[in-house]
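In the two complexes that follow, chain A is the common piece, with chain B as its partner first and chain C second.
Let's look at the complex of A and B:
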């Protein structure tokens, strides 16, 4: 399965430390390969790499793009976009 | 399913008890409590410094069969951590590493990687990868 999704980043501080950790943790719960980008053209970054996600330094109100490949790709995209929509309140404990 | 004890333990060693506690609080809040985490700071007299004995106890407190990654601040924290590792039982020595990374950032990176179930070498490399990005 090869699924794309996008969502607007509403978090006031943008994709800074705590949201980046939350996003990476959620990505790691899926088997699918999950890529994230701040533009539809990329560059695409491994969403399971906390260092790379934190290094994106995406400002608030940008759009985040996701691309997932694997058997649970659809669930991964749904969960990742929901996490961003819910302002990172639903990260796995 | 990975349980907490299967995950790489994270140890924080600082010259300051307050710094060590502060880093641990950041790890607990940002990454969660589902990883073995222990910290030590200050010498045995309660001043600034580090203690080999306390570092040994801290490593054992965070012990995991997957190993332990140590984050240190400055010079003595590193040399005392090296000494502490040398004083561990032989079978534990090769499962403890000191990460060449800044203590706060490295701890968050290492803990996130541990949380996801990565092995000790990946946890160490992830912490060190962040340190390199800042050069």
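Let's look at the complex of A and C:
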């Protein structure tokens, strides 16, 4: 399965340490390969790497794009977009 | 030795007197590549560093500290740190060089970003670099023993190092660099450890006596006996005042003329009331639902649970819940209008709710269902015309009919409005629909003064001391009193001790403020009117 999704980043500080950790930890719970980008054209980076996600330095109000490949890709995209929509509030501790 | 004053930025409030302790003696971030052999493989050193961090994390009690440790743990566990290597065998062949190169790449990337946030995170990266390096080279971690009255002076302090030290009540921190918004400043505030940052490149003498004032960002070196005397009195009275105010906040706030002023609290997050006793306030004067639901409105049933929780907590005291106040400076994905030229004068608050009737009705139904649990009052934001209020009443009646038909229990809450549009402020007396009102000072002021609150070029013009503004407030209160309409104020102005005399002078006897300022505001009410 090959699924795309996008969501607006509402977190006040942008994609910083705590949200980046929440995002990569959630991505790692899926078998699918999950890519993230700050633009529909990419560059696409590995959503399971906190080093790379922090390296994006995404400011608040950016739109985040997700692309997942694998049998649980749909569930992955749903969970990732929900996490961002809910402002990382439901992030696993 | 002459006394000397050094100014920095206040990062954590509090007062301390002690002796200068040089942090750099015990703590240094090596920024060079050490010319010593590794005593273990790099992956094993990283593994040990993660174990250490997990240990620090399990001992730390607050969420901020855990988040910092978790970030470092995730970072160290990330194999992409070594993706830059052409040859993975280098990890085994030159572990020290590879580790330094990997971290220096990240540190440079953060420092080149020019973004304040990433500059602050650099201390996390430097901390990870030296932690792993020490393990890799087999260096013992020196245990830090600070004197009880240490005024620690450092360039910057890594959050994990901060957390590994059992800070005492008479210590303080002075940073040459740093920023009030850094992680370590957050941690210092949480521990009530006075901290001053950004004092610049000052030479300091070890053991030199110093006073640190974390409120003003001031460090006084070698204070004389007289100043020291004054300091001790200051510290004692600050301590006593705080203890006293917290104790007294359980009692009602009476002015010197024995008039009671109702002091309620503003809530933006359901967790805010977790550790609060309802006895210390007269109810909840404002619940900001648009902030409480963090950008996604939950289902009707979930909303009922949240509102009921608030009413149970208040145990019969009034709870004023404001319907979604979206738009202006508070966008809400999927709801707010995009591309309005002037959002503050556009489709926001109730105006936006009318564009999303389905969403609005879910909230109204949830509020009416939860109202059976106590004294619920529902407040609408950005009301301008009486016709809008009559439309809201019709909608509430419609929800009531539906709930009755569905045999779902509910109660009619009192319905009121925010007074923030000047036109409504001047038309209170002719309103048939208002059952209570609450003045939103921030918006009322920006609309009345023609000065946008989000524009720093003009925000100074929005000064509450303008005689016209006082007159407007007086008019609102007098009109409301004449028709026996309960009126309160829930804006920022109410939380400011210096503005309290203005509010009391115009006749307001009900205010709603953030929970943290309740003790001091109640004390200020007790001192009013001035002699």
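FYI, the second predicted complex is superposed on the first by the 93 of 93 C-alpha atoms of A that agree within 3 Å, B and C clash if a C-alpha of one lies under 4 Å from a C-alpha of the other, contacts with A are read in each partner's own complex, and residues count from 1 in each chain.
The working rule: a residue touches a chain if its C-beta (ideal position, glycine included) is under 8 Å from a C-beta of that chain, and two chains touch if they have at least 3 such contacts.
Everything quoted here is computed from the prediction, not taken from an experiment.
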Joint occupancy of chain A by chain B and chain C, clash or fit: clash
Touching partner for A:8 - first (chain B), second (chain C), both, neither: second
Contacts of A:24 with chain B and chain C, given as first, second, both or neither: both
Which superposed partner A:50 touches (first chain B, second chain C, both, neither): both
First, second, both or neither for A:87, with chain B first and chain C second: second
Between chain B and chain C, more extensive residue contact with chain A: C
Doubly contacted chain A residues - partners chain C and chain B: 17-18, 21, 24-25, 49-51, 54-55, 93
Residue ranges of chain A in contact with chain B within the complex: 17-18, 21-22, 24-25, 28, 48-51, 54-55, 92-93
Touching residues on chain B, where the partner in the complex is chain A: 29-34, 108-109, 112-113, 115-117, 126, 129-130, 133
Touching residues on chain C, where the partner in the complex is chain A: 66-68, 70-71, 74-75, 78-81, 106, 109, 113, 115, 117-118, 121, 124, 294-296, 331, 333
Touch list for chain A against partner chain C, complex: 8, 10, 13-14, 16-18, 20-21, 24-25, 46, 49-52, 54-55, 57, 85-87, 89, 93
